[in-house]
Amino acid sequence: MQIESFKSLLPKYKCIFFDAFGVLKTYNGLLPGIENTFDYLKAQGQDYYIVTNDASRSPEQLADSYHKLGLFSITADKIISSGMITKEYIDLKVDGGIVAYLGTANSANYLVSDGIKMLPVSAIDDSNIGEVNALVLLDDEGFNWFHDLNKTVNLLRKRTIPAIVANTDNTYPLTKTDVAIAIGGVATMIESILGRRFIRFGKPDSQMFMFAYDMLRQKMEISKREILMVGDTLHTDILGGNKFGLDTALVLTGNTRIDDAETKIKSTGIVPTHICESAVIEL
Amino acid sequence: MQIESFKSLLPKYKCIFFDAFGVLKTYNGLLPGIENTFDYLKAQGQDYYIVTNDASRSPEQLADSYHKLGLFSITADKIISSGMITKEYIDLKVDGGIVAYLGTANSANYLVSDGIKMLPVSAIDDSNIGEVNALVLLDDEGFNWFHDLNKTVNLLRKRTIPAIVANTDNTYPLTKTDVAIAIGGVATMIESILGRRFIRFGKPDSQMFMFAYDMLRQKMEISKREILMVGDTLHTDILGGNKFGLDTALVLTGNTRIDDAETKIKSTGIVPTHICESAVIEL
Amino acid sequence: MQIESFKSLLPKYKCIFFDAFGVLKTYNGLLPGIENTFDYLKAQGQDYYIVTNDASRSPEQLADSYHKLGLFSITADKIISSGMITKEYIDLKVDGGIVAYLGTANSANYLVSDGIKMLPVSAIDDSNIGEVNALVLLDDEGFNWFHDLNKTVNLLRKRTIPAIVANTDNTYPLTKTDVAIAIGGVATMIESILGRRFIRFGKPDSQMFMFAYDMLRQKMEISKREILMVGDTLHTDILGGNKFGLDTALVLTGNTRIDDAETKIKSTGIVPTHICESAVIEL
Amino acid sequence: MQIESFKSLLPKYKCIFFDAFGVLKTYNGLLPGIENTFDYLKAQGQDYYIVTNDASRSPEQLADSYHKLGLFSITADKIISSGMITKEYIDLKVDGGIVAYLGTANSANYLVSDGIKMLPVSAIDDSNIGEVNALVLLDDEGFNWFHDLNKTVNLLRKRTIPAIVANTDNTYPLTKTDVAIAIGGVATMIESILGRRFIRFGKPDSQMFMFAYDMLRQKMEISKREILMVGDTLHTDILGGNKFGLDTALVLTGNTRIDDAETKIKSTGIVPTHICESAVIEL
């Protein structure tokens, strides 16, 4: 397993796609020095996007969260989130009525579409269940698990509607030792109980890469060979980037540690083009 | 699909094994007339056992619940529950320390074994996590789902211990239209998040049938051909009975309805020896 | 369940995407009258593409097969196949060496890329296994199942390489009563033995829709709302179309029959925008 | 991870259950010195059984194969195989007609039961398909994979019959570097294509342990605490032994190697009571 310097990879590419969690930040805050990477890219005239499986907040709120940590290079227009794909889906495919959700009120806010009423699952009852046209799973907080997961199972048994989950992770790191069940994990639970599969937006699915690639092509002439996807997770970032035809770089600052990288690559058959210790560039 | 009268099947067998939920009772209470069935069996000198996937109560408490409904033929010694197999497992395989549980305090009570401390998952912390030697999932009530499911995931990541679930159903009927997620469903959730399989006791596993068969053989000379398993669920009662080598009768008073019985049998390949409308005998 | 006339749906759309098998043809040959549909579309000035999970032949060969049956409207440039996505993947992501394949020599022919040697799995041995950089599963014929599936399992245990399967179906209809195991089913087999997931191209994945949509946008100004996806299979055609944001029409001439359509829609939660008996237009 | 001497464990137990492959023998032949272990047990007056997931031969033929290798302590009456449980199932549950099989003629031979005709899948056609009452999967050799696996899929689509597989392994070691797909793996393939689960006999299922335990109890007074299960595979031998309530010893001469034992135990949560290098006793 050959470890390369992240900086040494860059000359080949016109644009870099970054995953967020495990690459730019951890449960602890920003990766020290990560702002240098963006300064360097700007100095070199290279473009970048953050491609993130996050449906809990709008791009504006996500950008704000970086600004509060002192990373000002990440603006809302640089963020492609699975929440944005979810919003596009609701716009195109849900024809009025209610979209029920599991998550915080805030996570539902930015999904509001013309003629659509967003209601938490807890607010669905016999009087309005007939108007529910979709269910979206957005965040693991903001609802009572016992009551609302039971309600969700019954809602999906009674109404033949699409269920969308904008997150493919089962857990996320909470501290150095503990994880929390992510809304993607909650979705997996309900799928296994109902024996059906939900619609999932987010890496490794190609749709987010396509969204970013489309935005790029409106600005410049670029081929897939000139884009590098950088991520910490084999089965989302690296698999998704590979499948879309991009070069990929695995960084060891998140879900994949230096001592299990080789084993994981071997057992999954998901092979990154490059492996780097971190996406931080020492200036 | 030929429907037979339950009474007409009985002469062939020395002992009848009954599933409980969906066969003797529903969310509504006892099946009207089910007491006749037991009176009839006693009159004919035929033996019976209740073989039930229930780990939420002791056999004594289960028997009590039938007595309160007016069915006095079901005594504790006639009940084989998956909870009893769980208790045997703890007795034989857990060598002291703490057994953590998800469920009510009552469900944990009857599992207490010499030298074992039963503690709810909520009571596990850094001070005692090192002493936890097993986890049992007993009941879907009695704990805070959000906090304790997250705690359970982390407990199983930190401690290499067996996790036992004494229930194979994902849901159970709550009313005519609604279901509730069973502790078996909660277990499925956690398994899918951790990517590992728990130890499951309960039908279709052979161990409960073996337990009942052992008790029978201590009382009489009997072969598997002389036992009939009666149940409402193909993938637990009927599959389990078939696999153990018993004749099986599917009744249509619970999970399998008359209009989907044929489709379900065809799609699963689980074929009961007999199909009956109900286990109730008209006297 | 409301059945609509296919013709009545068309005015709303600028372009129609058709699945091939079960929509335009069956094991029996072309659907009688299907050529009318294409004549009608041309007369109305509406565009169309065939979007098919087929990696066994090149677009040219696929087009030829329609011409031989008397359907001349389907030319190679109108066909988007999962084989084309596979070819793009090999071009972009495989850097020389050998690509091993399961399938006929013909199926491998059109995937040849500069600097890549295509070899059947049967031709891989100790002398060249080190040069194998990818495995593709193309067709269920053209190899010895016993020898070559065993060889494939060992190849993937020894080499950490991507495995690509350009087909998501487990079986395909052979006659009115019989099916054949598709190469997608063969892939599922090997995945379950190795405990890992292959890269799958083909519906419901978005990449093929994106490919067609890109070609369309180079010719005209068009939004996703102006495209209709027509298919006979819920979990590929309809799910894929829905997920990409297109309107979808389920036709009942293939995998989904009129008497099980409602049950399947209900149990999967995959809901087509429209349901039609067939894509044939009576002139 | 503490490694104990196998000999030091023995005093506690009245009977030892041994897995065969990976414990007594490998693809290379007998483990050198394994005959000492049986001499020692006999000298100490301790009983033993071989509990093996093997349905390809009768206990007599299995015993013969040990005698040919020079191990005469293993006689037919000491062998409990998953094939024997399969035979009991056919005797009790198949009421005449044809049992179709995948495997060698020899593997089918010893399953013959009164009034049952054993026929290879290749011999099933329209003239006799209506008489087929069960399918058994016995061995990965003795049939044409392409033709007979396709035939099997169609047989199970047309006939609502039980399918039994007497082997839970997906692969078995062929040489130091290569594996072969086992009939258990072939079964997994067909299950995933049909979307249904077969009846599986063999460890970790309790039925084989029960069979051996029953035989023991006819000879002596013995409790589960006085039996040790010895095996090389966590998810069959160790899980099965644990679940049945036995003490278990993992040996490192087969599927589990010394350098991955700890990782596998941690990731599966299947914990043996003891870990030993080998079941060989130096005299």
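Think of it as A, B, C and D in the order they're written, each chain with its own count starting at 1.
Heads up, the rule we're going with is that contacts are C-beta pairs under 8 Å (C-beta built on N, C-alpha and C of every residue); 3 or more make two chains touch, one makes a residue touch a chain.
Predicted model only: the values in this text are computed from it and were never measured.
Taking the definition of touch as given, a chain qualifies here only if it contacts subunit A and subunit C alike; none does. Ranked by distance of CA centroids from subunit C, the top chain is B. For the self-contact between subunit A and subunit B, the two sides draw on mostly identical residue numbers; the shared fraction is above half. In this entry, subunit A maps onto subunit D through a rotation of 180 degrees when their C-alpha atoms are superposed, rounded to the nearest 5. In whole angstrom, the spacing between the mean C-alpha positions of subunit B and subunit C is 45.
Subunit A and subunit B have centres, each the mean of its CA atoms, that are 41 Å apart.
Between the Cα centres of subunit B and subunit D there is a gap of 28 Å. Contact of a single residue of subunit B with at least two other chains is seen at no position. If you sketch which chains touch which, the chains form one closed loop in which each chain touches exactly two neighbours. Under the contact rule defined at the top, the touching pairs of chains are A-B, A-C, B-D, C-D.
Per the touch definition, subunit D reaches subunit B in the complex via residues 88-89, 92-93, 156, 160-163, 195-199, 201, 205-207, 210, 224-225, 239, 242-246, 265-271. Of all the residues in subunit C, the ones that touch subunit D in their complex are 144-146, 149-150, 153-154, 157-158, 170-171, 177-181, 185-186, 188-189, 192-193.
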